[in-house]
Amino acid sequence: PIGNLTELNEYLGKWPVTWINVNGLGDESILRQLGSMFDLHLLALEDVVNLRQRSKVDDYETTLYTAMRMLSLNEERLSGEQVSFFLGKNFVLTFQEVEGDCLDPVRDRIRNHAGRIRGAGPDYLLYALIDAIVDAYFPVLEAYDLRLEELEDDVLGKPDNSTRNRLFNIKHDLTRLRRTLWPVREMTGALAHSESRLITESTLPYLRDCQDHAVQLLELAESYRETGSSLMDFYLSSISNRMNEIMKVLTIIATIFIPLTFIAGIYGMNFENMPELHVHNGYFIALGVMTVLGLAMFAWFVHKGWLSSPRRRKDP
Amino acid sequence: PIGNLTELNEYLGKWPVTWINVNGLGDESILRQLGSMFDLHLLALEDVVNLRQRSKVDDYETTLYTAMRMLSLNEERLSGEQVSFFLGKNFVLTFQEVEGDCLDPVRDRIRNHAGRIRGAGPDYLLYALIDAIVDAYFPVLEAYDLRLEELEDDVLGKPDNSTRNRLFNIKHDLTRLRRTLWPVREMTGALAHSESRLITESTLPYLRDCQDHAVQLLELAESYRETGSSLMDFYLSSISNRMNEIMKVLTIIATIFIPLTFIAGIYGMNFENMPELHVHNGYFIALGVMTVLGLAMFAWFVHKGWLSSPRRRKDP
Amino acid sequence: PIGNLTELNEYLGKWPVTWINVNGLGDESILRQLGSMFDLHLLALEDVVNLRQRSKVDDYETTLYTAMRMLSLNEERLSGEQVSFFLGKNFVLTFQEVEGDCLDPVRDRIRNHAGRIRGAGPDYLLYALIDAIVDAYFPVLEAYDLRLEELEDDVLGKPDNSTRNRLFNIKHDLTRLRRTLWPVREMTGALAHSESRLITESTLPYLRDCQDHAVQLLELAESYRETGSSLMDFYLSSISNRMNEIMKVLTIIATIFIPLTFIAGIYGMNFENMPELHVHNGYFIALGVMTVLGLAMFAWFVHKGWLSSPRRRKDP
Amino acid sequence: PIGNLTELNEYLGKWPVTWINVNGLGDESILRQLGSMFDLHLLALEDVVNLRQRSKVDDYETTLYTAMRMLSLNEERLSGEQVSFFLGKNFVLTFQEVEGDCLDPVRDRIRNHAGRIRGAGPDYLLYALIDAIVDAYFPVLEAYDLRLEELEDDVLGKPDNSTRNRLFNIKHDLTRLRRTLWPVREMTGALAHSESRLITESTLPYLRDCQDHAVQLLELAESYRETGSSLMDFYLSSISNRMNEIMKVLTIIATIFIPLTFIAGIYGMNFENMPELHVHNGYFIALGVMTVLGLAMFAWFVHKGWLSSPRRRKDP
Amino acid sequence: PIGNLTELNEYLGKWPVTWINVNGLGDESILRQLGSMFDLHLLALEDVVNLRQRSKVDDYETTLYTAMRMLSLNEERLSGEQVSFFLGKNFVLTFQEVEGDCLDPVRDRIRNHAGRIRGAGPDYLLYALIDAIVDAYFPVLEAYDLRLEELEDDVLGKPDNSTRNRLFNIKHDLTRLRRTLWPVREMTGALAHSESRLITESTLPYLRDCQDHAVQLLELAESYRETGSSLMDFYLSSISNRMNEIMKVLTIIATIFIPLTFIAGIYGMNFENMPELHVHNGYFIALGVMTVLGLAMFAWFVHKGWLSSPRRRKDP
C-alpha cells in the first residue's frame, strides 16, 4: 500500500517485475497520473472506469489491456465486479472496484516464493492473476450445481410455487453466467493465441490451459442451464399432472353422484300414481339400486384405468 | 447553415477538414450537385435516399460511404432514422432525415475545442459521429431494462391482460432492436478492420472501441430479449396457475355439495315406507351426517394437499 | 421476337451486346441449337429445364450460368417461376418459363436509353436483370407485411379459427420465401465476389449493392416470420385465455347455485319432525338466507379477483 | 457376373475402365483378395463391412474410397442400404449389401452407349453412380411430400389419434432422412472440391452439379420437416380447440340447467307457509319464469360470443 | 505390473516402444517421478489429476498429452472415468482412475501379436488405445437405443408417471453423452490433423478413421436425443389426450343427467295446481320423456363425434 505516486517510481526500477494494484476507481487524477507514467492509451483508461465492460483484450503495442468480470455469490445473489489489467514490459497494473479477495492466492504465492511465479516475467504474473479469477468461477458454478440438485429433489417431490420462482431465478442467473463467461472464453483464447511481444513463448501453454478452464466453465454453465430448463419443463408437467389428477378425482365423484341424485329426484316427484312408492320395501330397493349403480360406475372407472394413476404415482 | 452550394466551395479549401451536414433528403438536385462536387458514386447517392438501408460500409476508393440507423424512443415507441456519412480525403458529409440531436455532443466538442477532435483528421470526425450514434443506443436499451423490471414486478405480482400486451410489445421492440444492432456491429467491425487509405492507423483503436460498444449493445439487446421471453413464459404459467387454482377451489365446493345434495334428495323421496322419516330426531341426525360428511371431505382434500397451494402462494 | 434461329446469327455481330430472351422451355431442339451456337455446357442446359433449381451461379469459364427463382403473388397465393441467365463475352441469354413482366423495367430502360444500361457491357445488363428480379421481391414482402398487420388487428381484436388458418398459411409462405431468398443471397454474393473474366471491375459495386438488397430481403422475411410466430403464440394464448374466461364464469355460476340447491334440497326432505318448516316465515327466512349466501359467495369471488379479468380485458 | 476372381485379372487389362460390382458382403476372403489385387487400404475394407458408415470420402492416394447410404421406401417404411465405391486409376469397384436396382440406369446407359459415359474415365463412372444414388432420393422425398399433403387434408379436416401417430412417424422419418442427407452433402462437396489425381478437371463440373442436387435434397428434407412440425402444432391446437368447443357446449348446458333446477328445488321445499304454492297458476308462472330465465341465459351466452365459434369453424 | 520405478529404466531401453499403464492417481510422488523421468510438462501432470478434464490434446513438443473421458453403464446409470495418455518418442504412458477393462482388447492384441500393433510405433499404439475407448462408446449408445425402443412401446401403449421419469432420465443422460462426445470429436479431429513430429504420416489415416467414429457417435447421440425429445412430446400429448378423453366422458354423463334431474325437480315441486300430477299415467309419461331426452342427447353427442375418439384410439 503506497500513498504517494512518486514513491512508485523508486520501486519501479528495483525489481524486474512490479505489480501495482489499485483498489477503487474514484480518484480520476491518480488514474491520469498512472496513465502518463506507464504510457497507457486513453481508450484503455476510459474502459477501466466504464464498469459495464465485457471481458476483452486490447493490444496497444507497448501495453496489453485486459478487462475481466469477476462473479461472486453473496447470500445466493450473483454480484459482479470488474477487474482491469495492464501488462507492460516490466510491470502489471491491476484495477479493482473493491478490494477483492480472489487475487489473494496469487499474493500468497508471491509472498511464499511458491512455484514459478517469482522467477517468471510479468506475463506469467498476468496469467496467474487471470487464472485466479477464472478458477474463482468454479465454486460459483458448484453452488448452482448444488441448488439444482436441491431443486431436482423438490421437483420430483412436492413442487409448489416457490419451486417455480427458484427455478426462474436460477435460470436467470445461469443465463447471466453464460453471458459473462462467453467473453471470458474469447478473451483467454485471444491471449493464448496472442502475438504480442509482451507475452513470451513459455507462458503460452499456461494461457492455453487457462482457456481450457474457461471453455470448461462455459460448458458447465451451459449444461446447468439445460438442466434448469428441463427441470422447469418437468415442474410444469408435474404441476399440470397434479392438477389433472385432482380435477379427475373430483369430477369422478361428481359424475357418480349426479345419476344417483337423478334417481332420488325421480322418487321425489309428486305424481299421484307412482306404484313404486307404495311397494313396501320400495325405499330399500331404491337405495340398493343406487348403491349398486354407484359401485358399478366406480368399478367401470377403475377398470378403464381412470383412477389408477394416483396410485402408481408413488412408486417410480 | 449554408443556403447556397457555391459558398461551399470557398469553405472547402479553408480548413483541413470540412464537415457538411444535410438535413432532409427532399431536394434531389442538391444531392446531385453534392454528388458531382465530391465525386460520390451513384449507388451511394441512391442508398442515401433509400430509407430502408441496413447499417453498412461501402468502400468506393476515393470516398467511404456509411449508412446507419439511429433509434430513439418517443412516448414509449421506437422510431428509427437513417443517417448517411461520406468520408473523403478532407471532408465528412452527413445526411439526416430530420435534424437529429444525437450528433449535438460532437458539435459541442468541436465548438469547445474539446479532446482530440479538432486536431485530428476526417476519419476521427467520422469515428466521433458514429460513436455518438452508437452511444445514443444505450439510453434506449436502458429504458427497456427499466420497463422489463416494471414488468417483472407485474408478472410476479398481479398479472393481467395488459401485462401480456406490454410483454408482447416489448418483445417485438427488442427483436427489432436486435435486428437493427446486428448490422451496426458488422458495420463497426468492417470499419475497425478497414484497409481503406482514408482511415489512418491511429484512428483504428477508436473504431475498435466503437465496435466493442456495438457488441455490448447487441449482447444487452439479446439478454433483454431472453429476459422478455422468460417473463412471458413465467406470465403464461402464472396465468394458467391462477386459473387452475380458481377452477380447483370452485370444483371442490361443487364436489363437496353434490354428495350432500344427493342425501337431501334421498329424504325428499316420497316412498310410503321410509322408516328414517319417522324417527323423532331423524332430521337433525341427517343434518349431522351431512355436516360430518362435508367436513370429512374437506379434511381429506386438505390432507391430500389439494387446497394448500393458494396459501403457499403468498410467501415466496 | 425472332422466329428463326439463323436470323440470330446476323444480329449477334451487329452490336457489342446482344440480349436474347427465350420464353417457354418446351422446345428441346431450340435449346440444343442455342447451346451449340453459344457454346453452353450441357449441365447448364439441363439445369435450365430442371424447374426445381435453387438460385445459383455456375462458372463455366466461357459462360456464366445463373439460375434464379422469381416469386409473385397471385390472389394471395405465392407462385414461383424459374429464370436462367447465360452471360457470355458479348451476349446475355435469358430463359423464362412464361413471359414474365418483371424484366419489363429493364426493357423500358434499354428502349429509353435510360441510365448506364446502353453503353455498358453484358455484365451490367446481367446485373440490371438480376436487380430487377431482386427488386420484384420487395412488393411481395410488403404484401405480407400488410397481411401481418391485418392479422395483428384480428389477433388483438376478435380472433377465430379463420385467423388461425391464415396465420398458419402466412407462416408457411414466409418459410418458403425465406427458403427461396437464402440461395438468392448466396448467389448475389457469389456474383459480387466473382473472379470470372466476364464480370468487369466497374460492375462489381452494382452487384454488391444487389447483394445488399438480397440480404435486406432475407432479413425482412426473417423478421416477418418471427412476427408471424409471435402472433401465433399470442393468438394461442388469447384463445386459451378467452376459453378460460368462459369456463370460469360458467363454473362460478354453477358453484354459486350448487350450495343453494343443497339448501333447497334440505327443506324438500320429508322428515316428520322438521321444526323450521312450521315456523311462520320459515320460507321467507330460507329464501333470505339463500340470497345472502349467494351474494356473499359472489362478493367473495369478486374480492378474490376471480371475476375481474373480463372487465379489464377491454381497456389495454 | 464372374464366379472366379482370377478371371478378373484377364478383364482388367482389356478396357481402359473396368467396373466390378460385388453384391453381398458375406465372403471375407473375396474381400481380402480384392483388397490385395487392387491395393486397397485395410481401413477402407473395414469400412466396407461396417454397415453403420456415414456417407464419406477417404482419399488413400492410389484409391479413393467413397461410402454412401441409399434410402428406399418399402411399404411406407424407410430402409437404408450401404454402398461402397473404390475409384482407382483404371477401375471402379462397388460393394452393395443386396443387389439394388438404383444403379440399373447407369448399367443401361453403359449398355446403350448413351451419353458420355462410355468414352469417359473411371472418375466419370464414379460420378454417374453417385449421381444415380443421389437422384434416387428424389422419389423418396416426393413420397413424403405426398404423405404430408394427405396429412394436411386430415389435419384441416377431421384429425384423430391416427393422424397424430402418422405425423409422429413422418417427423421421425424426415429427421432420419435429414441425418442421412447431411453427410451426403458433405461427401459430394468433398468430391467436387477434391484435389485427388484420380479425378480429372472435366469431371469436376459434374460433381459440383451432384453437390447442388444433394444441397437441394437437404433443403427439401429440411422444409418437409418444418412442414411436419407445423402440421403437428396445427394438429395439437386443433385437438385442443375441438376439446374446448365440446367442453364449452357441455358446460353451457349444465350452467343453464343448474339455476333452473335450483328454482324447482325451492318449490319442492316443504315449508308450511309458501304462498306461491297456493296461487292458482303458480305452477305455470314458475314454468314460464324458468323458460324465460333459460332463454335469457342462452341469449346472453350467444351475445357474449361463447357459442359462435363452432359455427364459424366450418367456413374457413 | 511393476512395483518400483527404477526397474522402469531398464525396460525403457529394451524395446522401441514401451507402454506404461498407471492405475489410480493417489500417489503424487510417483506422478512427480514419472514426470521428471519422461520430461512431462507440469500443466499436463496437473491435468492428469484434475478429474473434470474435457477430452483434449495438448502438444508439448517432446510429448503429446491426451485426456479422454470413458463412459460406461453400471446398472442403467452412466459413470465416467478419465484416462490420460502421454505420447513420447519411444513410449506411451497411460493413467487410469481405476483399472478399466476397455483397454483390454489392446492388451490382448499386443499379447497375441495381432495386426499391425507390434511392429508399429508408439503413435499407432496411442491410436489403438484411443480407438478402443471410442469403440467402447458404441455399446453404451446401443443400450440407450434399446431403452428408447422400450420407452416408445410404453409411450404408444399405456404411459404413466414412471414413463415420464424414465424419459426425463434418458434425456438427461443423452445430453450428458453428447456433452462428453463433443470434445472427443474435437480431440480426435485435432489428432487426425496434428502436425506433431510424434505422429507419423502412416498413422494419420487411422486417426482420421477414429475421428469418423467419433463423429458417428456424436450423430447417434444427437439423434437419440431428438428421439427422446419427440417421445417426450408424444408422451405429453398422449397424457393430455387421455385426460381429455376422461374429462369428456365424465362431463357428457353429467350433462345428460342434469336436464333430466331438472325435469324430476319440476315434478317434485309442491304447487297446489299441477295438472300433470293427476294424469293417471303422468309418472310413466314423465319417465318416457326423460328416457327419450337422455337418448336424444346421447345420440346428438355421438353424431357430433364427441364420443367417437375413444373407440378409434385402439386401431392406429
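As written, the chain order gives the labels A, B, C, D and E, with residue 1 at the start of each chain.
Here is the rule we use: a residue touches a chain if its C-beta (ideal position, glycine included) is under 8 Å from a C-beta of that chain, and two chains touch if they have at least 3 such contacts.
Remember, it's a predicted structure, so these values are computed and weren't measured experimentally.
Touching chain A and chain E at once is no chain at all. Between chain A and chain B the centroid-to-centroid distance comes to 24 Å (mean Cα coordinates, whole Å).
Mean C-alpha position of chain B lies 38 Å from that of chain D.
Among the residues of chain A, those touching two or more other chains are numbered 240, 247, 251, 254, 258, 261, 265, 268-270, 274.
Read around the ring of contacts, with chain A first and chain E next, the chains fall in the order A, E, D, C, B. Partner chain E is touched in their complex by these residues of chain A: 156, 205-206, 208-209, 212, 215-216, 219, 223, 226-227, 230, 234, 237, 240-241, 244, 247-248, 251-252, 254-255, 258-259, 261-262, 265-266, 268-274, 304-306, 308-309, 312-313, 315-316. Residues 41, 43, 46-47, 52-54, 56, 58, 60, 158, 160-162, 164-165, 168, 171-172, 175-176, 179, 236, 239-240, 243, 246-247, 250-251, 253-254, 257-258, 260-261, 264-265, 267-270, 274, 276-278, 280-283, 286-287, 290 of chain B touch chain C in their complex.
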